[in-house]
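Below, chain A partners chain B and then partners chain C, in two separate complexes.
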Partner chain A sequence: MTRVGWLRLGIIGGAIGLLEILCRAGAIKKVTMVPPSDMVLALGQLLAKGELLDDIGRTLSSVAIAGAIAVAGGILLGIGLHALPRFRRAVEPMLASWYAVPFFIFYPLLVGIFGLSDAPIIVVAVLFAIVAMIVNTLNGLDRVTPVLRKVARVHRLNAPDTVRRILLPAIAPHLLTGFKLATAYSFIGVIASEFILSTSGLGFAIAHAYNNFETRKMYALMLLIIVLVTAINTALFMWEQRLLRRRFNR
Partner chain B sequence: MSAHAALAGVSRVYPGGDGRAPLHALGPIDLALRPGEFFAVVGPSGCGKSTLLEVLAGLAPASEGTVTFEGSPVAGAVPEGVGVVFQEDASFPWANVYDNVAFGLQGSGLDRSEIDARVRSALAFMGLRDFASAYPAQLSGGMRQRVCIARTLVLKPRLILLDEPFGALDAQTRLLMGDEVLRLWRETGATVLLITHALDEAAMLADRVGVMSARPGRFIDVVETGWPRERDSRLAERPDFGALVARLWSSLRVESIKALGHT
Partner chain C sequence: MNPAIARHLDFLLVGIGLLAIWQGLFLWIGETGISSPLQTIRHLGALAERQMFWTHAWATLDAFLRSLLIAAVGGIVIGLWLGIGKVAGQVAEPILVALYSLPKVTLYPVILLIFGLGLSAKVAFGAIHGIIPVILFTMSAVRTIRPVLIKTAKVMRLSPAKTAWRVLMPAALPEIVTGLRIGFSLTLLGVLIGEMFASQAGLGFMVINAIGLNDTETMMAVTVLMIVLAGIANVLLLALDHRLHRRAG
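Let's look at the complex of A and B:
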């Protein structure tokens, strides 16, 4: 590991150690926060009992569905918008200011439409995630060198094959950036929605633990989410690094 | 003998728009490529050489005139049998050399062993055998151009259009690459049109050299070199080679000055 890597690890380890000391010494009250070591223990116990598995499965499947819709839909919409420059100019300001809208305000409306099911949760997450994918697809397509399109024509590729065999691989680094963002936004969208109004899922479980003063369980759940998100992000990051290394010989 | 590919009265005007005036880049120009000949085009920078190639390949429409390939009009699409190597690096950075070269054969209905045989032979021909699993980022600019040539060769084109493929190389390497292009031309039997800005390269490689005027480019001279089909870069040592280059230069000098804007 590099020196910066060790330093980073040191900062994180130091912060956790400090929290541990503050909690153990009583500077942070037990109802406010449990010591990090106890969070790990509590999480282990929760997982061992197996009562969380339903909630984890529910949340992860919602994130997976929302992420898949956002990624596939975002790529398709991105390609479509790129092919229709006039239409694109018309909607571009809306895309640019998209994240100024707090989507969760629409949640009650969506519950009204879909009922209290997974559907409104997934819709919020998709709305939240899809634009990151669209914008990154457009960014990538804008940077495809014209000669690659000429190569497609010399090989007499039709439009779908040009997209599949040349454009998508050419913009793969941009798609991966979009993919990372869409995954993160799907997580935020799903868990925050579960938090507000749901009867299952990790977000709901945290809210439930909070309302019932189950501090230990609440922190165990928060730890679980952080571990999950970090693991997924690390996997995506490593995939991206491999791809970039090959492509740019770094 | 009828022409393999031909331009008749062709010109190309890039349409203006967004406040830009239309730009007359090429022609009117006539060109009849004889089957199996090696034709080189030289001309001052910006005179419309790449435009000529795009129109001939069917990549860009002619504003006027007609383009034919093997007797059929070329319009709106690149005909089967035409291979193009572009001036810019067009290798695929996401694929290794093997997959770059195999690109045009994948999904063509050929079976794997036939694809493999063609790719291996093109790689060997272009001196890339040891680089099959390398990525373009690990190759030099000249090697990347060779990848693009190999990618074209596997399709067995009958007309090969090369747009300054070795423009970025030093003069010596360029002459040696010229030997490879000559070998390619002899062994494939294809008609070759090579665009270059190097007069010695054109004089050494071609059966005929077309000298273009400053933009809008037209042929101001077409020179028969009269070289034997079996030839290589040692031509450059002959006295009549020097005379040929001198003739090309005398045609081109005035036009190059014009292209620089010193009229």
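Let's look at the complex of A and C:
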């Protein structure tokens, strides 16, 4: 690992160590925060008991469904918008202000439409994530060199084949950036909706633990989410770096 | 037709299309789940005559402005520092990116436990949402400043504070404004989420309360108000953003 990497690890490790000492010494009260080592222990116990598995499965499946819809839909809408420049110009200010809208507000409305199920949560997460995918697809398509389109025309590819064989591979790095953001936003959308308004899932479990003064359980759950999300994001980041290296370092 | 007029006309058409979809949803779902555009506007007018509404609106504005101030000033100062210090920036960037993509709602209980219920918790929550994009954009802008500008500051023996104020800030301004625009949206999001959970004041609380009482009209009216205000603010910041980028580029 590089010097910077070690330094980073040292800072994170130091911060955790400091928290541990402050908690153990009583400078941070037990009702405010439990020591990090105790969080790990509590998480281990929770996982061993197996009562969390339902919530974990529910949250992850919602995130997976929302992420898949957002990515596939975002790519399709991006390609569609790119093909309709006039419509795109009219919609673009909306795309730019999209993240100014707190989507969780729509949850009750969506319950009215879909009933009490996982669907409203998934829709909130899709609304949250899809625009990142659309914007990145558009960014990629804007940078496709004309020669690639000419190649497609020379080979007389029809529209679906042009998209599949020429455009999508050409904009792969942009798609991956969109994919990364869409995954992160799906997580945020699902967990935030669960936290505020739902009755199941990891987000709800945290809110429930907070309301019942189960501080230890609450921190264990937070740790679980932080580890889970960071692991997934890091994996995607490394994949992206590898793809970029392969593409530009030849 | 004049292209500028055509563009505004297209934008208007999209707006009308959205209103039509809204009305269609209303006809499809019925009054229990959603109120029509006309009802919503009328209800908003009725709300504006009540003192209670303004108390909540001011509570949100107060919390929002405080957290925006913290996010903007803190974000720019930290961003300038991390951008100048190469090692510090390299160390901090992945950590900040990881924090950015974390669902920060999960951390709200910690903030509540530290700050207690009330204004300070909301402000802190809004600020941690908004500060990260400001830091990231400022940092990357400072890194790409032409070295000759920084050398000039050195030659003139400007103090670090003066270098930051007279050289770095103006040179990085377009990117800083982009960061502030994103920070603005996220701060608002943070404050509203903060109000929706464990709060007794603010528009977010009003919405969550209306949800609990099944008061569809109030819920829709406040929601639409928030969306329109956030949208207008964002369009204005976007225009400023474009202008600065054009001037710089």
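In this section, the second predicted complex is superposed on the first by the 249 of 250 C-alpha atoms of A that agree within 3 Å, B and C clash if a C-alpha of one lies under 4 Å from a C-alpha of the other, contacts with A are read in each partner's own complex, and residues count from 1 in each chain.
Rule of thumb we're sticking to: a residue touches a chain if its C-beta (ideal position, glycine included) is under 8 Å from a C-beta of that chain, and two chains touch if they have at least 3 such contacts.
Treat the numbers as computed from the prediction; the structure is a model and nothing was measured.
Asker: Which holds for A:Ala170: it touches chain B only (first), chain C only (second), both, or neither?
Answerer: Only chain B is touched by A:Ala170; chain C is not.
Asker: Quick check for you: in the superposed arrangement, does A:Gly115 touch first (chain B), second (chain C), both or neither?
Answerer: So A:Gly115 meets neither chain B nor chain C here.
Asker: Which partner, once the models are overlaid, touches more of chain A's residues, chain C or chain B?
Answerer: C
Asker: Now for A:Arg156: first (chain B), second (chain C), both, or neither, which partner does it touch?
Answerer: The answer is first: A:Arg156 touches chain B but not chain C.
Asker: A:Val147 contacts which: chain B (first), chain C (second), both, neither?
Answerer: It touches chain B, and chain C stays clear.
Asker: State whether A:Gly26 touches chain B only (first), chain C only (second), both chains, or neither.
Answerer: neither
Asker: Considering only touches as defined above, state whether A:Arg246 meets chain B (first), chain C (second), both or neither.
Answerer: After superposing on A, A:Arg246 lies in contact with chain B but is clear of chain C.
Asker: Hey, which residues of chain A end up touching chain C in the complex?
Answerer: Counting only chain A, the residues touching chain C are 4, 7-8, 11-12, 31-33, 86-87, 89-91, 93-94, 96-97, 99-102, 104-109, 111-113, 181, 184, 187-188, 191-192, 195-197, 203, 206-207, 209-210, 215, 218, 221-222, 225-226, 229-230, 233-234, 237.
Asker: In the complex of these two chains, what residues of chain C are touching chain A?
Answerer: Listed in rising order, the residues of chain C that touch chain A are 7, 10-11, 13-14, 25, 29, 32-34, 87, 90-91, 94-95, 97-98, 100-110, 112-114, 182, 184-186, 188-189, 192-193, 196-197, 204, 207-208, 211, 216, 219-220, 223, 226-227, 230-231, 233-235, 238.
Asker: Can you name the residues of chain A that touch chain B in the complex?
Answerer: So the residues of chain A in touch with chain B come to 145, 147-148, 150-151, 153-156, 161, 165-166, 169-170, 172, 243, 246-249.
Asker: Which bits of chain B are touching chain A when the two form their complex?
Answerer: 54, 57, 59, 77-78, 80, 82-84, 86, 88-90, 92-95, 103-104, 107, 135, 137-138
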